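Each of the next two complexes has chain A plus one more chain, namely chain B in the first and chain C in the second.
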Partner chain A sequence: MLEISSTPLVIIAILGTVGVLLPIISIARKEKGSNSFYAVIAFSALIVSIGYVAYQFISDKILPSALFSEDVLVDDAFGGFFAIAMLIVAIFTTVGSFNYMRKKNYPAVYYSLILLSTIGMVLIAYSTDLVMLFVAWELMSIPTYVLVGFMKKNPSSNEAALKYFLFGALSSAIIVYGISLSYGLTGSTNIGEVIHGYATLDSSLLPLALLSVGMFIAGFGFKMGLVPFHQWLPDTYEGSPPTITTLLSAGTKKAGFAATIRIIVLGMVVLNLDWTLALGVIAVMTMTIGNIAAIMQKNLARMLAYSSIAHAGYILIGLAVAPFSHLGLQGSLYQILNHAVMKGAAFIAVTGIVTTLAVTNIDKLKGLGRRMPITSLGLVISLFALAGVPPLAGFWSKIMLFGGALDAGSTIWWAPWLAIAGVLNSALSLAYYGWLTRKMYFEGETEKRVSEPKSIIAIMIFSIIFLVGFGVYPDPIIKFVQFAAPTLSLGIMP
Partner chain B sequence: MNNELIDFVLVSVALLGIGIYGLSVKRNAIRMLFAIEIIINAANLNLVAFGRFLPHSGGQTLALFSIAIAAAEVGVGLSLIIVAYRMYQNIDIADFRSLKG
Partner chain C sequence: MATEMLGFTFEVGAASAWLIWILPFVAALIIPGIGKFSKHATGYVAVGFALMSALSAASLLPMALEAHEVHDQISWIHSISLKAGVLADPLSVIMANVVGWISFLIMIYSTGYMKGDKSITRFWFWMMFFIGSMQLIVLSDNLLQVFFGWEGVGLASYALISFWYRDKKKDHVGTEGRTVLGLLDYYSPTHAGMKAFIMTKVGDVMMIAGMLLIFLFAGTFGFRELLHDATWATTMSSQGLLVPAFILLFGGAVGKSAQFPLNEWLLEAMTGPTAVSALIHAATMVKAGVFLVMRLAPLVFALSAAGILADQFFEIILLVGATTALLLGLQGMVNSEIKKVLAYSTGSQIGYMMMVLGIAGLSQQFVNGYTAGFFHLISHAMFKASLFMAAGSLLHVVGSRFMTDMGGLRKNMKKTYAFMWAAGLGLMGAPFITTGFWSKDSIFGAIYTSGHPWAIPIFAIAVLTAVITAFYTTRMLGLVFFGSKSKHIQKMEEEGHHIHEAPLSMWVPYGILAVLTIAIGLIGLSFEGGLHELFTNYLEGTFGIHSVHEIENSILPGFLDGINPVALIASLSAFAVGTGLGYVFYIGRWADPVKFVNSNIFFSGIHKVILNRFYLNAIVYWCFVVAPLWLSRGVFRYFEKTAIEYGMNDGVQKAVGWSARVIQGTQTGVTQSYLFVFGAGLLFVVLILLI
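Showing the complex of A and B:
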């Protein structure tokens, strides 16, 4: 049994209460458009939650990553790590919406849905039971369908929401089917027992087990934007409100990785190690197609969407080599945390640009460096961190990922090629990030400076400090990641 | 494997096939929603059938959860479709082309 003071339950209690109360308060107050009031409430709930998780870490109350448990939730370091990443993203979204949602309808519902979706993301990382995982997955997804279509007078928001809904509903249908197969094969929904059941499975049933793992990869892959399943992603990221794009790109995508690590990577270890090659191939395809498509884009949000697809590929490298090198999973977690901050900052910068200038076309961003200096600086620093330029934070996570791939090369022959593909792709991505930077700083007339929203400036300064600070001095984050990463060896059995 | 069980699993696989066919061929948003519902129900059938032959009721419990969640999902999906219909007077997703890259 979980204690009542364990982290996931406290987070459900705080965010759930506030999330449910916000619309009730708005009905009771009978006034429209007091956006900042609800934003402040949602923001303080998120700050209290992240403070509680951080307190649990600092006071050493969190168990090392357990991965398996008798219960449906486990209060371990792996879940805590993801909880911190997701809550940072939710805070970015809430603070970024502060200006964006001004003079727009239904702010209370908007913040309430963000909080509910955040509960789902956090619970996915903590769950050790397939039923819990599925419920958390839907709790994360359903509010985001509404949020993507929140601007209901806007045709592109509608279209984005419909496409996202159809693919998202398909992904959850496939996940339920995968769960039903694994339940039938092993007679349990507890992840530990499922994996134990797979390890002792009759060999004639092995294809069915592989089918169920394949369905998990497909279902989670839709949310993560892996390449055969990525068609919805650029449309949705471009059409949805930019704050919600932050939540999707930095939040729900990472929750997909949390679920993948909980199920697939562990399932892979017991089933058949040739499976890792499939993940490696998907990783290389995802990186390459994402980066090549990103070069051709004219729209800033769409370009970042393709770059977000490419980054799913980098993270997947770590998962593919996870059974062979302990650096793989650590690198993935590190990249997940960094990517949450980097992509979050980049999309919040897009929000700032949309709120003040109402443009996203790259050609119209000429001279942005002089018009909105702080937003541009934040955007450029997060772009270079995404490309992995030293000494920014993105550099160390990429070093760890590619180092993991090289390290695994002593066991499997194809792993070093993943590292080579990753390095080439990083160079490729630097091309379009550099092109964008040139547009922003070295082209265009000298235009007047426009006033930047204060909330956006706050996020930009936080991300610049995070990315540069932990780039110059990465030790604390590396220790944190090493503590949170589950040790994966062939000997693990529940 | 039990003979009775295999019947349920075959029906479930057939439903999965129908759902995937519907998703890949139809372009009407409501028909696609139906196809997704068929896949979810195929999974529910699987869960209940497996649960029948196992000593505990985990499968039936998950099927109940899944039905409730699918209902919430359909609620959100239909409302998105209604909003889109008001804007375009059409729910053919092949006609939604404002986003292109």
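Showing the complex of A and C:
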């Protein structure tokens, strides 16, 4: 049994209580406005949660990554790592909403939904049971459907929500189908026992087992934005409120990876290794199509959405080579944390631009460097970090991922090609990041500085310090990642 | 006591080695802050820090001349036991001095040249960043740190080449309206910056691939660590990966040093302020590639001495260098923009350095080629910085980048005239009095005596390039200073502009370098001798490369001891022929070059091909810019456009009666196709799994 003071339970308690109380408070207060009041409450709840996770880590109460557990949840370093990444994103979203939600309706519900969705994201990473994982998955998804359509008088927001919901429903159905298949084959929903059952499966049933893996890849792949399950993503990212896009791109997407690592990568090692090739192929398709499509975009949010697709491809490299190189999973986790901050910062910068200037068309961003210097600097640094330019944080995680792929080359012939594709794609991505930078700094002449929202400035400064600081001195993060990444080899059995 | 003393001196040496590259970065950090209070002060800060950095470099010289080295490391990323460090050996210390002092002079020059520019703070910031990154490359003790500096240099060059980002007409390069293979041969500063950034990036990607490959086998990036335990090389060599890894690393050098086939960015880089061009060509950026090769070459040669062969590495360097030297030299003969002529000349001279470094690795006597390459790097740094700065003065005064808009300036600008002659003589290789002569001669000697089967053809290319070099330098001087004044200048004088000498802060720096070209030239042979001895000790002590004892059978007079007679005759006649031809056409003006070229279709055809850069630039653009754009548009149109057209971009947002449209659009239109793709994707995944 889990202790009552274990991290997932405490996070459920804190965020759940606050999340449920917020709408009640707002009804009791009988007022509509006062966005910052609720924002501060949500923000404090998130800070307390992240503080608790950090405290658990510092006081060594967290176990090294456990692959499986008897319980439905396990309080291990892997879950803690994702909890920190998700909570950072949730904090970004909340702080970014300080200004964005001003003078908009129903702030209490808005923050409440963010908190509830955050619980879902965090729990996914802690789950060791398929049913628990699915419940957490829905807990994460349902609030985001509402949030995407939160601007209910805005047609694009509505369309985004509808598309997102339809796909979400479909992917949930597919996941449930996958779960039911695996339950039917093994008689259990505990991930450890499912794996054990698969290992001893009669060979005539193997195609069914593989079908369930395919279901999981497709179901989770929807959230991760993998090609060809990605088409909803640009529309949704562009249409939803930019703060929520931050949550989707930097948060829920990562939850998809957490689930994939828990089930597919950790679990299916025993099955056979065909899934690694499937992931490898998807990785290359994802990053290539994401980057090529991004080049042509004229809308900043849409460009970042495609770049986000491409990044899912990079992260997937690590998963694909995970059984053959310990660097693979470490690189993926590292890239996930970095991407949470980089993409989070980029979308929050978009929020800032939208709230102050109300434009997202890239041609209208001329001279942004003069109009909003700090936001622009934060945006440019996160873009270059995304491209993996040294000495920014993104450089190290990419090096680790590509290094992992090269390392795996001694076992499987195609792994180095993933690294080559990754390097070429990074170079390609510089084209549109550079183009955007040029628009912002080298074009336009007469723009005057406008005042930037303070909350946005705070996030920008935090991200700049994070990306540059951990770029120059990545040691602590690398240690953290090494601690959090489960070691995985072909010999592991439950 | 002695050890303590030794310990103390060691510490001081390490500290100044760190300071050489840290100081410019510190300056770059504080300059924006200072610029808030006084734009004027930023220049003094920059010059001051450049001087301090150069002095730190100078303080290491005595130690380096004894062939000692300082190697200081600190822990960088503990978890993968990566260390940051400085390595001050004779190679890096002398290079750091060349970079440091020439940058310092260029900074002084910039105070005059950039006076009154509105964005002066940005200028100083990037200049200091540039110098700092270059010194980081020079003093790094490992490849990864080199790569950090490498990217820094790339970034700074991008920012400085497109410094005048407003893309005014006068800041472009090329002739307006001229097309090659249907593409405009006319580039704006922002375009040029991007071009330099992306083209050098191609090299960078190769370099990082090579680096990681070596790291994978050796587990270290450190130069000394790689040398001390060579088991990694044995393993790599047995798998056939050693030479590819080194060639990939050399790819980085090809990009940065603008060697064939990544040479085309260098010409457009002329859109930057002239001080930037001087810095790029003499001290930073293009020299970085040569330096990287100089760092790696002894390592590779030492490996081959241990039985691990990597001759192809040197052969590639040799071929790339020779091709570039000839190709870019030829193009220098026909261009009419003074800075472009100098740029072509740089590419060509760097080709010389690469060529001789390649031949060094293929000959028994490694040290000859190595010294010759480094000597030429030093002398080229001096005269090319001087020529660029002087050209900047001309641009400043005349207000045009075309040499045809100059002419007859020798009376108006006496100092510039004299200094350009002195530095120009260095480039031409005027016998016995210039550094250029001695360094070129030692290159010829090294090639001729290498004993490699390709020695004679390569030697021929080198001599031919020397003839070309002498010719285009004479042409440049002739067009600018001789003949009658051009219409442009006559018009300026009619309008009341007085053509005058550049200000003191500008002519002093290039004057110093021009005088140095001659002064060191006068003692060139003993300078070379000293360098040769130093590197012999260095290569022997550090890499265990022993020099072969040479048999003296010189037929030359005593003061030319150690010179190969064939090389000497070749360099003398190359100078005579090239300068003579140049004199006939451009100084004496006994024949009209335009008429000469147009006299028959053969000459005019060659002229056109060379002027169109052998169509290399246009081909690069067609293959790597135009075609991918088509591809991207195609992918966009056929893969994503369907989604967008029916989707929300135009259709829904502008629609009236939004709700009906949204529901219609999402239910009957695109979402179905999305879902179809989703389903197909699922099928695809399952199929892959079942295969």
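What we mean here is this: the second predicted complex is superposed on the first by the 493 of 494 C-alpha atoms of A that agree within 3 Å, B and C clash if a C-alpha of one lies under 4 Å from a C-alpha of the other, contacts with A are read in each partner's own complex, and residues count from 1 in each chain.
Just so we're on the same page, a residue touches a chain if its C-beta (ideal position, glycine included) is under 8 Å from a C-beta of that chain, and two chains touch if they have at least 3 such contacts.
Remember, predicted model here, so these are calculated numbers, not experimental data.
When the shared chain is aligned, no partner comes close enough to touch A:16: not chain B, not chain C.
By the touch criterion stated above, A:138 is placed in contact with chain B alone, chain C being left untouched. With both structures placed on the common chain, the touch criterion links A:214 to chain C but leaves chain B unconnected. In the superposed model, more residues of chain A are touched by C than by the other of chain B and chain C.
When the shared chain is aligned, chain C comes close enough to touch A:434, but chain B does not.
When the shared chain is aligned, chain B comes close enough to touch A:146, but chain C does not.
Look at A:373: by the touch rule set out above, it reaches neither chain B nor chain C.
Contact with both chain B and chain C is seen for A:170 once the two complexes are overlaid on the shared chain. In the superposed model, A:469 makes contact with neither chain B nor chain C.
After overlaying the two complexes on the shared chain, residue contacts for A:275 are found with chain C alone; chain B is out of touch. Applying the stated touch rule to the two superposed structures, the overlap between the chain B and chain C interfaces on chain A comprises residues 155-156, 158-160, 162-163, 166, 170, 174, 234-235, 238-239, 293, 296, 299. By the touch criterion stated above, chain C contacts chain A in their complex at residues 76-80, 147-148, 151, 155, 162, 165-166, 190, 194, 197-198, 201-202, 205, 208-209, 212-213, 216, 631-633, 635-636, 639-640, 643, 647-649, 652-653, 655, 658-659, 661-663, 665-666, 671, 674-675, 677-678, 680-682, 684-686, 688-691. Here chain A touches chain C in the complex through residues 155-156, 158-160, 162-163, 166-167, 170, 174, 207, 210-211, 213-215, 217-218, 221-222, 227-229, 231-232, 234-235, 238-239, 274-275, 277-278, 281-282, 289, 292-293, 295-296, 299, 389-391, 399, 402-403, 406-407, 420, 423-424, 427, 430-431, 434, 438, 441-443, 445, 473-475, 478-479, 482, going by the rule given at the top. Against chain B, the residues of chain A that register as touching in their complex are 130-131, 134-135, 138, 141-142, 145-146, 149, 152, 155-156, 158-163, 165-166, 169-170, 172-174, 176-177, 179-181, 183-184, 187-189, 234-235, 238-239, 293, 296-299, 302.
Only residues 9, 12, 16, 19, 23, 29, 32-33, 36, 39-40, 42-44, 46-47, 49-51, 54, 58-59, 61-62, 65-66, 69, 72-73, 76-77, 80-81, 83-84, 87-88, 93, 96, 98-99, 101 of chain B touch chain A when the two sit together in their complex.
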